[in-house]
Structures are given as structure tokens and as C-alpha cells.
């Protein structure tokens, strides 16, 4: 039986999500046994031509070239899974979507005319059909392995879309919002990180993006009671998943 | 502390036994009937209407009604592929292995129907849990008065057990009426919803037990229609469906009001749930 | 056995005795700005001199003027963490060589001794006993841990800001379900504990403690302490006819109101000492040779909880909140013969936005249909 | 007759990010050489404007998934500078310890997964594992060790959540740190062996006279802070960076090129650190270096792989020392309140000096941000290496030349995600 072929693609990103695969030290060789790592430029020079059975796509679309390239990736891939906040929600670079990109370019570059970029940073799903979106900035190792496992066995990945609070409580961390008045995005943020931040004595900053049906308005009023300003709310909602619809819309209501 | 049954240890009750697929038949586009034999040779004895928890390796476990399998026969399930687990089960080849726990829940009140007329009404996949009732009736035909089966699906291609349906019909000892919502070119039978068939069948409303299984809306409509014909709502039995993770009243998922559908149902008298069935998202 | 008095200076003997008997001793400890359960090996591990101030969505630790060991009310943890752990492996699967084998996981053999459980927590354990062992099937993990467990309970000397055990008839005095119960007294007669035994095991333990018989003055002080706690309850819930009230008000507008504030974050259910919902999880080896199935905490507040054919039955937060509260206060009576709420106040305190079950019930009563 | 040749690598592999190389040759003569970074720009410096000073560590971490701690540290340093404090005592030790975890992880990744396959002729480490299973198993275990230090101190290995301006959110207990000691001890001996293995690789005969730039600290091999020094005697405080360095924008790259104002390219990274500070290495690291045949400095960029191995040894030894002396601080962080002003911060990322500069408004809002990552500082040096390397080797067949030139780029462990604000190789041989 021939092994399924895996390809790892990079768009605008920090490389952290694809590094997560290399960070699975204990499982890496098993993964390589179960699937052919056919295209993964960060880790290998060798390259097996497509089509690929599974494509992991990291990063968002920010250039005209990438907007075209993603269609080619889709064409070459049986299943396409986006990995991380960039690919799933546009990433931190989507903060440009609220600004004038020309201003942005001139802040960073002396010769803006050399820079080709789009006005917006957009998630992969705005360009092509996506089979599964894995959240997190960065993604969790455990969940990445679950997605690969599910794919190899032709099943749906078991990635509960609950709030971070579920994991926080399972972990036994006393709620930082209740016990210390520290603002926390946990109740509206997608689980998967094993409620890391509260366990380290800080509020969740939403790096996994919105949970299902997040009640941002209710959490927002509570935050204000804890002393947060509208601008604090805008900043908190607009980080790595700011362009996810639920966070985006809510942040816009706090802007005025 | 009173216990209704001999205490059973749960993790044991949560522990499936391996069963092997001995036959697989495609019923419709997405529905398959599979028969299973226990690897350890110990068969499952059940009441019609009960269900098992079927476990697909590495994917998960789902409740599935027992469609048949009398003493000495393999365990029969009819499964519609609608999601992760049911897809995996429907894709099993002959010789494939699953885990089986059960049987669980309260089945159809066959004893109560002895000496009475019996109305069996099924919609779609709802015929699966009623199939074993029909089989039981044929095996014990003299225990019941007039028996009728009304069955409806959305289209002719979605009819389950077509061959058996034809055979049941040919026996004339029970009345079989079938309808489809939308006909195709080859269909020369009835068109319309199941309730349309009810006026046609004969039963004594004062001495009838009805067993109904299908989508919630269909069960409500049939029960109301039967009520209008004079059947008491506590003689109408419906089979409820809720998400279940354990099948034994511990996971909490299947609660419908105070009932744990897995344990207090799935078969319940319509009278006990009709108020609740009108509450949205209960 | 009659009540005895143990001095603060001698209380360490109890910890030593339990440890010597092979118990893992679990008690209140001060961690992460809260009082949580954890392993304790001596009275030094207890949060001496701390108390808490609790309200909807707020919990703060404060210093007491004395060095009381139990001078606070319940924290975010309950014994549920140990009896019904957040995640339990059920069985392992092996699919090598063409067969499928399921192998039961062994039940944990840890013997727990809980120190400092309150009356409401004893009531909650009694409820979970009925859930996990009382309805025909017996949950092995629960029953296994429960069987060998020992309880040193405490009569509450302070009522928390969200406590309402008085209304639920579950406290503050510990009536049953303990091996030992103590009342902590600090006054002119010193810092001491009045112990009463509730079992043979309790008798045995008491015999090993340096103690003196409790005098009438000590007993009087215990009664006064508990009475004062009863009088100081932070909350109250009118339970009169509550089952009918909720069952008849399933379409009450209040459900919509609360849904506007509710985050459906699950905190209330997970801190509740009686909530018992769970789901299952499968982990399979990448090569398909085997795997493990586990059970983990779940909550009726998640969207997935009631999924049927790819769609949730309770899509709205309104329906989910109603399910939770109606289950707790109403249908629980039909299922397990008591309320599902013991009045510990955790769901009020630990709701990140301070939604209050007592207030919601009162509002439905006020505007009942 | 000499023919003009073009060698183009459109997508360089085993580097972090997207880059390319273009080379145009006429016979032996290099007509054109470009090391291109086409990683799309992400505009961190622009959207940092308007954010709170306290957000800089978490946001800038996202510039690079390979060296987030470097970004967090330089950002914290800059904010602390603006707030008028410098971290000291156990909080500084923890910052250094976390950073060492990143050095170990990043260096092991580069040495064994990205670079060693070049020398041994494999496409990747997984292919290498077939013939060298033990070396790869050891490498994986070392990498995991680096990651576990980051997880312990930072919460997770990529984009740690525990770093804040002024220190940490939660500090570990001594017992938590001591739990990793046995694995660190194993790691130290494994890394010493690995250095010997790496020292035995075949190195091309190639030396260059670099202007090295790195941090230097009076008491230790500098990582988290220090003064900026160079081989030609520059010795400045971090806040003097703008006076001595400048960045320019070339048409073929999305990464800015940096240069010394005094003229010319310079080189940052392990070779620079080693060459400037090797006397400050810990004893086992110093021994490993001399056993591997390194002198007090190293000017063959292909041998940077040895220097990285030596730095792994150093990192493990230093980690053991820090854990031994650790006392948990009373509070995890010190309060830092920058009331406006300018903050400069630098630290030694695995790939070299990483400089941050922020202008902060009186209310703590970032008004301006400027970030100079190591790879953009090395761009010129890389191009110069390539030019020098081709000279005398232009007769090599295209595929061999391409492989060696790619290797010459990978000598720098270029992190292109960082540099963009940055690989493919194209060689054009023009018929002449």
C-alpha cells in the first residue's frame, strides 16, 4: 500500500506552525512512517511532485502572487487543512486590514515602490475551499497530530470547539478573572492550548481565536467593570485572530 | 440505597466486546445493513426497540437500534452514514471488527400489545428499530389482533428492506402500506406523508397499541392523528433520539426533561412526553 | 463516642496518623490566590490565617486577624476532582494481528483522606453517590475511590458571600457522611478543635489523638458558631414548589435575559460539586495498531453536547442555561430524589460574569406565568 | 569559448521562510548575484504603532516562530530601558535560561536537520536517519530538551506566554527546575560527542575576513544584554546603535540590508559571538571547541556548524549553572512604567544580534517601532560570501555549484521570516 503524501505550504507567517510538526520530536519518525513528507521546504530539499493527499497550509494571503498560488495548492491537494491563526483568520498581519497599507509600507521601507503587497491579509478560506481549520498561534502539537491521525484513518478530527474555560477548569486553575480581576478572553476563545495562560497567572489573550458562538458583548461589559476601556477591548480583540469574523465585528463596535 | 437491577460495574459496562461483520448490504445511497457475530461466541439477547452502542476503532461510539437477530441469528443493525462514526461503520468490510455494548434501554411494549390491534408506523430510518417488531409479530402472529404497518420515506430510493417489505406484504397476515413524499418514474405506489395512510388501515381504537418511530415531527403528527381516531395517548409509543455517550444513564447527554432517553427510553408512551415535545430546544 | 477537644498544637498528630495509615491526605491549600484542594502533609500546609470574600464573579483572599486553619468557605475545587476526575482512561484497544481486544483499565487504588470538607460537600458526595452508584449501574472509578475514602469534615465557622446551604437544607452543620467532624474554636480558652466521630474509623482515629473530653462550654460554643454561620448566609434560595415553578416556566422571558449575559463558558457546571456530565475521547496510534478510550468532563453548555445529525438540539444559550438550571433545581428531584444543588455558591462565585442562580430563580418566581 | 550561465534557485529549502538566489556568470566572472528575500512583508513596525508598550513582547514574538524568545527579550529590554530599569538577579537568570532553551532548540534544529544533511549529502534528516539513526535520535532528544526548557519557563516552545516586560507572569519553583537537571546532564555529554561528530565533517577551504559584531558582557558569554562590540574595535552601548548602523532597501529583497555607517558589511551570529567572546565560554564548551580544532576565532563560514555545536554545549553547561544558583524571586516581575521616551533593546538571537527601538508616548502607547533582525544584517555578508565562493569554482557543474552555494547560504541559518521586513537560487550563465 502506498503511503499518503503530505505537503506543507507557507504563505505569510512566522513559520511557527510548521515548526510545530518538527517539534513533535517523539512522534516525528512515526509520522514519517505513516505518511510521505513529500513537500516541506523548511525541512527538506527533496521534493516529490504533486498531487498530494494532505496539504497543511500555514500563513495568510497578502500578495497577488500568493492569491494565485493558493489556487494551485488547492488544485494539487486532495485535502487541504489550514494550520494556525494566519491561515485561519489572517494572522497578526491582518491588522493592516484596518489601516491604509501604503502608510504601512512607507513606515517600514525606504522604497515603497519595490514592495508588492495586497491591501489586506486574508485567511485561506476566503480564497479556496478548506477541509479543516486548525486554530492557534501557534497550533498545538497534540491537535496537529490528531488532525494527521484523523486524516490517515479517514475520520473527522476530534477538536472540540469549546471555550478555553473548559480546559482551565479541567486543569484546576482558579479562574484569574474571578480570583484576581485579571481580564481574560478564555470564555470566548477556542480551546486547544490546555488553558496555558491562566495556569501561568495571566489572562488568555485569545491566540486560538473565537470559540463557537462567543458572547463577546457580555464579556466586554464585564471587562469594563474590571476597568478596561473600549480601546483596551479593541486591542485585546485585535491581535492574532483580530480578523476572525466574531472578533472583528465585536472590535468594530468598541471602536467608537 | 435501592438498586433496580443487579449492580453492574460501569467501566465494564463501558467495555465493548469485539464483533465481526458477517454480512453487509447496501439499503439506500447512504444506509447499510450489517450483521455481526460475537468474537467470543456469546450472543446478545434483546427486546425489540433496544439499542446497542457500536464502537468504531479510533473514531467513537454511537447508539444504534437493534434491527434484528433472533436467537441463533447474527445481530443486525441498519446504519445511516451521517457523520464520523456512522461513516466508519458503514465503510466496514465483511470481516471487519467493531465493539458492541448493550443491549440498552426500554424496548417496544410487546406484552402490552398481546390480544390487541397493533399499528406500526415508521418514517425513514425509523423502520430499523421496528423491523424486529414486525419479525416478532410474524413469529407470534396469533398473539395479536389486526396488525398494520405504515411506512413512509422521502423518495422510493430511500426505502429500507425492500425485499422484505414485498415479502411481508405478500403474506396478507399484516396490512402493509407504503408511501413516499416524492415519487420517481418507476414508483406506482402512494405519494404523500405517512399520516395519509392512517385512514386506510383498520384497527379498533379502543383496543390498539401503536408503535411509532421516525423524525420527531412525524411522530408528533402520527400520534395526534391516532388520537383523533380515538387511540389513547398512553397506548401510543414513540422512540426518542438524543445524543448519547454512554447508553447507561451516566453521561448526561440524552436528558429530555427528567428522562434519560437511554435508560428511561428510547421507547416511551407518547402521553409522557407530548408536552415536552412542544418545547423548543428542550 | 463523645465529643473531645484537641488543641491546635496537637492537630498535627492527625495528619501523621492518616499518612501512616497509607492515605493520600487532601486538604485546602493556598495556591494561585485561592484556596484549592491539594496534598497536605501537616497543618502547616493549610491556609492558616486566610479567609475569602466572595460575590458573583468575584473571589478574593484576605488576611484574618487570627491564625484559624479553616476560617474561609469553599473554594473553586470540590472532592469531585478526585472521585470523578476530569479525565479517566476507560480501556485500551489492541488491533494488531487481525483481532480487536479491549482491555479494561485498572481502577486507581489511591486511598484518599479528605480534610476540611464542608457540610455542602458531604451533601454533594451523597448526591454523586446516587448518580454514580445508585441507579442500577455502578461507576467503577467512582465507587473504587469512594470505598476507601476517609472524611474529616469541618463545621463552617464563616459563611461565604455566595453560600446558601441553609436554604437547601444541606448545612452548615455536618450531619452525616463523615468519619470525623471538627469545629474550630478560637477564644479565651485557646485555639482548639472540637471533634465528633461519625464512624468506627473516626473513633479509632480519635483515640490516637491527644485530647480531653469536651465540656458543656465547648459544646455551647460549637452550637453558637454554627448558628452564627447559619445567620450569615450570603444568599438564599426559595425552594418552595421550585420544581413545578421551573417546569411550568420553560418559555419565561427571563431565559432570554440571562442568555444575553451568559457566556456559555461551562464554568458553573465544572465547578459544581454535583454536575456529572461526561463525554468520551479516543486516542489511536498513528499506525492504527491500538488506542485508548477515555472519559472526560463535559458540560451541557457546549454546543456539541446535544448534537444530533450534525446539528445541536440546544443551539441557543437560552436553551442551555434553562437545561442546566432546570436540571439542577427541578428534574434532579425526579431522577435522584433530591435537588441537584447543595447551595455551595460555586457557580455564582466562579461564573466569570457573576450570574447568580438564586437571583435567576427568584426573578422567574417574581414574574411567573 | 566561455558561455554565460544562470543559476537560479527559486525556493531555497531548509531555511526558515521564503528566499531565493540568483547568479549570473560569464565564464569565471560574476555578472550579477542577488540573495533575494521574497517572504511577503508583514509590517510589524507599522502596526505596533498605537499598541501598548506591554504588548510588544507577545506581538513581536510572532515575527519568528523559530526564535520568539529573542524577539520577546529584545522588546522587553527596550521597554525596560525606557522605564529606566535593568533586569537583575533571578529574573534575569530565568530570562537567560529561557533563552538558552531557545538556543539549544534552534541550534540543534539547524545543525542536525537543516545543515548536516548538506555535508553528508542527504535531502533531509529523516533520510539521514536511515544511515545515522543514533545521531538523529540524539538530535531529537536534544531538541526536545531545548523545547522542554522553553515549555517549563515559557509555557510553550513556540511563542511562549510567560514573558513580560519586567520579568515573568509566573516563576518556576526550584524543584521544577531541578527536575530537568538529569536530562541536562545527559545533554551535556551528548552535545560534547555531537560536537566531535560535527568537527569531522568535510569543510571546504574557504575563509573570509569578516567584521564581526556581537554583544559583549563583562561577566559572561553575552546573550540577553551587553554592549555592542566589533572585531575592529567598535564598543558602544545598545542605545548608540542608530548612530553607527544604517539600513538600506534594495530592489530585489523584501528585507532591508544593514551596514555599518563607517562603511561595509558585517557579520552577526554564532561565528561573531564566538570570535569576539570565546574566552568567556564555560569550561566544557571551551574544551569542546579546542578538541574540535577551533582557535579563538572562526572565519570559515562552513565551520559555523561547529560553532553552533559548541554553543549547544555552552548552553547546557550554563543552564546547569543557573539552575544550581536559582532562588525563586519574591515576585515574578518588577513593575515597569515607561512614561514616554525612547527604548533600545538588543539580545543575541540564535542567528545573531537582534535590535529593537521604540518611541513611547507618555501614556505607554508605542509611537514608533524599529526592528533589525540578524538575517537582514547578514544579507550583504551572505552575498559577499557567495561572490567570493564562486570565484575559482565557476567551472563546477550547475547542480554541484548550486548545492554548494545553497549550503553557503545555509551557513547563516538565515531566518527569512525574521528578515522580512526575506530562499530560491537562480544561476544565469550568460553566453559571452
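Order of writing sets the labels: A, B, C and D. Residues in every chain begin at 1.
The criterion applied here is as follows: a residue touches a chain if its C-beta (ideal position, glycine included) is under 8 Å from a C-beta of that chain, and two chains touch if they have at least 3 such contacts.
The structure presented is a predicted model; accordingly, all values stated were derived computationally and were not measured.
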So which chain ends up closest to the centre of the protein, judged by Cα positions averaged per chain? A
Greatest separation from chain B - chain, by CA centre: D
Distance between chain centroids, defined by C-alpha means - chain B, chain C (Å): 40
The distance between the C-alpha centres of chain A and chain C, rounded to whole Å, is 37
Give, as an integer number of Å, the spacing between the C-alpha centres of chain B and chain A. 43
Would you mind pulling out the distance in Å between where the CA atoms of chain A average out and where those of chain D do? 25
I need the residues of chain A touching at least two other chains; which ones are they? 149, 153, 158, 201
Among chain C residues, those touching two or more other chains are 282, 284, 288
Residues of chain B touching at least two other chains: 58-60, 83
Quick one: which chain pairs are touching? A-B, A-C, A-D, B-C
How about chain A: which of its residues touch chain D in the complex? 10-20, 22-23, 25-26, 28-29, 32, 37, 40-47, 62-63, 66, 91-93, 95-96, 99, 101, 103-105, 107-111, 114-115, 117, 121, 137-138, 193, 196-197, 199-202, 205, 207, 235, 239-240
Given the complex, residues on chain A that touch chain C span 27, 30-31, 33-34, 145, 148-149, 152-153, 158, 160-163, 165-166, 169-175, 177-181, 184, 186-188, 201, 212-215, 217-219, 221-222
Within the complex, chain A is touched by chain C residues 31-34, 36, 57-61, 75-77, 81, 86-87, 260-267, 270-271, 281-282, 284, 286-288, 296-297, 299, 302-304, 317, 349-354
Going by the contact rule at the top, pick out the chain B residues touching chain A in the complex. 58-60, 83-84, 87-88, 91
With touch defined as at the start, can you tell me which chain B residues reach chain C in the complex? 1-5, 7-18, 39, 55, 57-61, 82-83, 97-99, 241-243, 245-246, 248-253, 255, 257-258, 260, 263, 279-282
